[in-house]
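So, here's a batch of structures to check.
Next, two complexes with subunit A in common: one pairs it with subunit B, the other with subunit C.
Up next, the complex of A and B:
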């Protein structure tokens, strides 16, 4: 029996370190950098639109948002004369969005209440899917439907409203022209914002603390009594946030509004009367035949729209987030 | 051998003494029936006419009768409760009527123009005033598929990496990035379109093409995909990550071989929802897509067609034939969007699976 020295390969002592491996360094660095892509995109949008539109802002000054004339004509000497003012478009956008909110938010809140507290489980599940489905319909579908199906109905409703309520200043019209009015555009938008306002409201209502609901019932409240005393105060801020998200959508909607609204560069406070303004639709309408200078002015208009929607959305998201957190 | 009687187990259902019995429901439905009859009678004999009158009066009578029943049985507070219930139900009905009308009109009006030829012909030999048997949407379908593919290829990496940053690194900037992503989801589609136009087309010799439109659509797709992907990644149990790290894997290995595969189905859902969001977008295409009436296989140059743009052109044409064509186009688009939606549901309902 020969004895041999068995030489074992002794591994080197393991070095313990908290230093990340190169692969991790690269991985984390990539994520860190790429996560700022959203900032980059937002900044690029704001930057480019403002940069291109700067000329229009400079030339028209505050008139760009306080005047209502929009014309680009070539005078006799062959010089291009431009006046760009968006007051009618901004007012029109706000009017239409307000109509959309006034019609859409109550319906959405009622739907959310129905889905959360009234509907049987099976119906609820089906209807929630339908609400999600509504949100995924293309906006051109709403436009086409609004133009073909809703427009005659809304004209009829407008005539009815005018007949009985024309003593209210903004429901009066200078002459009986009810087609393609801000009222119609507002109804189309109200249908388009129902899904988002409903789903945000539903989420908030669903988070109402169960103990408070049961306490209300234990004190003898009816279902409506419970909703009024517990759910609505609890969900109010969430509904406000949802409504603002809806407003953000309504402000920026383009194709659907363009299909149903008669765009005229004149402020119109008579919501049933057949013309109105809308920033997004105006950009689409004017862009095709615009000269280089006018295109830049339209980009400036886009910048105004971008800033408006961005602000509304940022506030809305903060409000919703706070409401959702308070429920947890 | 003794026979034992097997105790008969009955499923015990919870009893709900507060639930309406059949006897409770009879007066409710009877009242609704009477309300309907009365509704019909009033519309027939008074000058109030039309669907609006039917709906309004039915609500007044229906809700009124229910209130009266409750008041008699349980008093004023029950009557108010019943009214609130009627209002809530009516609100929901009003919200869902447009959906039915939208679907019904699209199917009825759109189905007229559908034929095999509609799917295999392009518009090079037809225009929007041609009868629907001529010309078709094949170029628009190819265009839309191209747009979807390219927009996904651009937005998926950005979205996935942002979502991974928010769930895996949870760095100092998480809150800020989250805020930005949400702000981005509010960008109006027209702004995305004119942004690409102002940045790439206005002062250059480039013209509208598939790639330009896909860039604009990617901007709209990123927030949807990021937010859904983030939700899905959060569902992956922390145990899995810890197990990976405990076995000595680097974070990169853990994420790439455990976390992302575990969330695969959810990530597919995220992409599909993003695609559904952009497939029907029209406004950005008006500035970035250019025009083409036949299939353009080159995404980098030359105009392209797309389904929403096809519908837009039909609507813009304004003639009866043009609008019929638009309805057929929107039906095809709606089928595309709804199948995407259904696929997302199927993938979305599967739980996060660990192999």
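Up next, the complex of A and C:
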């Protein structure tokens, strides 16, 4: 018996094929090109920035991200002397983005909670439209509004904050100059990130399982009690993800920040004080009149911003996706 | 409906007769009373004129084919009905003689007195077993002067779960079996010390073993509180309830056809439709 088992012929596995129609082939190829092209463009931009900026990285070494001097001067002998350090711009960017998150995220979460659990249907629809519209507004309008309308108010608030909270180190100022501060830029940015953070939060809050909501209510919970016990634990990771998407936007925002911030190459931890740093705005400010070498340094700066934004967005996407999937 | 009921309707009555207690054997206040309750979902009239008394300390089973308004009715009893956006109601529900729909009533206070257990076990997954049991106190912001550990043990014991979880109160509730989760949900509703417990098909998502354990729990609880249970299992109705109310939607809105002591409902119902239903001829 066993010999017959050994001798049993095992047929060769067949290759399963089909002859696709030409139209199908063409369609699939188009889709492939489309979907890979965005990846390709991204890689191309990153590659271009890294390649062109390479010189600046090489000349300045680590100093490029740890120093704050940025100068390109021609000395007496006609030679160009360059120092490029981005420390003030990097810290400035992070500070302003943090301010934007600290102000923007709570407003967004409360707005999302209001839209999901409190607003009557009509108001809800109107507000959602408005918030979505906010997202599509050109940044220059935020910039102009920030400069003309918000600036005087923010200066007033800054003075108030200073008056009562100046004992907190970063809320102190060396001299009473409150205009064009990181604080103002942060407020403008916070308004710009509210739409994205709100809509991600709303999405996730809306997915809170109904049986848990009912369980809370059946235990005599108030609406706020229910939100704290059920909605916030459920939505927390989604909110974090939304905030990081907002951070991704805040890091790269250019025109709006450029309109309201006094850009100076010196690290400023006093957020109410009238100068700060921002990579994107700095590039815009310098690029027009930059020498060939300085242009390279600006491209290198662009690369730093590119990497920062990419990292934040990647983490954000993972967090949001996990939040949506786990549905815990 | 399970078919083995139909062959022996009398045994159901027998079970019910053995179980039957006279109302008032547990003097616990004046109970719950529905008077002419109607319910709508938008323009859909789902429930028509249900009047039903739940004497304190009794167990009442609500039976009837699916879609006849049992869930809708039970949800009007603790004002959970109004969570559905288009929902409306008419009539009165009296708790200890006071209308729970009266203007100026704090709904959250009503739900503290009338607890509810749902069809699908729904513990809070982000909380531990212990936190789940005490969640009601926190949610309703009740300052209980009782010792938390004592309360925890008491609620879990009454829900018949203490022995199984006493060593892992800090574990997350998601790790429990379906039946354990349901008993946890019962324990959770007991912690705020309600007078009435509403249960909407609490066993329909559970295996037979877990079902029997929950029925035990219900029998124990009925000594100290009023219980209303929706069930599509008539043997369960016979096993756990003192009274049974039969609901039916005959094309129109759901109505209560008949209510009576459970043994009578299963042995000699007054209405022919009840007879047909309990003998398994339809439904």
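Simple rule for what comes next: the second predicted complex is superposed on the first by the 303 of 328 C-alpha atoms of A that agree within 3 Å, B and C clash if a C-alpha of one lies under 4 Å from a C-alpha of the other, contacts with A are read in each partner's own complex, and residues count from 1 in each chain.
The working rule: a contact is a pair of C-beta atoms (placed from the backbone, for glycine too) under 8 Å apart; a residue touches a chain by one contact, two chains touch by 3 or more.
Just so you know, these numbers come straight off a predicted model, no measurement behind them.
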**Item:** Contacts of A:177 with subunit B and subunit C, given as first, second, both or neither
**Value:** neither
**Message:** On the A-aligned overlay, A:198 touches which partner chain: subunit B = first, subunit C = second, or both, or neither?
**Reply:** first
**Message:** With both complexes overlaid on chain A, does A:214 touch subunit B (first), subunit C (second), both or neither?
**Reply:** second
**Message:** Quick check on the superposed pair: does A:264 touch subunit B, subunit C, both, or neither? Answer first, second, both or neither.
**Reply:** neither
**Prompt:** In the superposed arrangement, does A:30 touch subunit B (first), subunit C (second), both or neither?
**Reply:** first
**Of subunit B and subunit C, the chain that contacts the larger number of subunit A residues** = B
**Prompt:** Looking at the overlay, does A:222 come into contact with subunit B only (first), subunit C only (second), both, or neither?
**Reply:** both
**Request:** Answer with first, second, both or neither: which of subunit B and subunit C does A:233 touch in the superposed model?
**Result:** second
**Asked** Which holds for A:290: it touches subunit B only (first), subunit C only (second), both, or neither?
**Response** neither
**Asked** Of the residues on subunit A, which ones does subunit B touch that subunit C also touches?
**Response** 222, 225
**Message:** Could you list, by residue number, the parts of subunit A that touch subunit C in their complex?
**Reply:** 209, 211-212, 214-222, 225-226, 229-230, 233-234, 328
**Prompt:** Which of the residues in subunit B end up touching subunit A in this complex?
**Reply:** 50, 52, 77-78, 80-81, 83-85, 87-92, 94-96, 98-99, 101-102, 105-106, 109, 157-158, 161-162, 164-166, 168-169, 171, 173, 177, 179-192, 194-195, 197-199, 202, 219, 222-223, 226, 250-253, 255, 276-277, 279-283, 286-287, 308, 311-312, 315, 323, 326-327, 330, 333-334, 337-338, 340-341, 345
**Prompt:** Quick one: in the complex, what on subunit C touches subunit A?
**Reply:** 78, 80, 83, 108-112, 115-116, 118, 120, 122-127, 135-136, 138-141, 185, 188-189, 192
**Fill in**
Counting only contacts in the complex, subunit A reaches subunit B at residues 20-21, 23-24, 26-28, 30-32, 34-39, 41-42, 44-45, 48-49, 52, 106-111, 113-115, 117-119, 127, 129-130, 132-134, 136-145, 147-149, 156-157, 160, 191, 194, 198, 222-225, 227, 245, 248-249, 251-255, 259, 280, 283-284, 287, 295-296, 298-299, 302, 305-306, 309-310, 312-314, 316-317
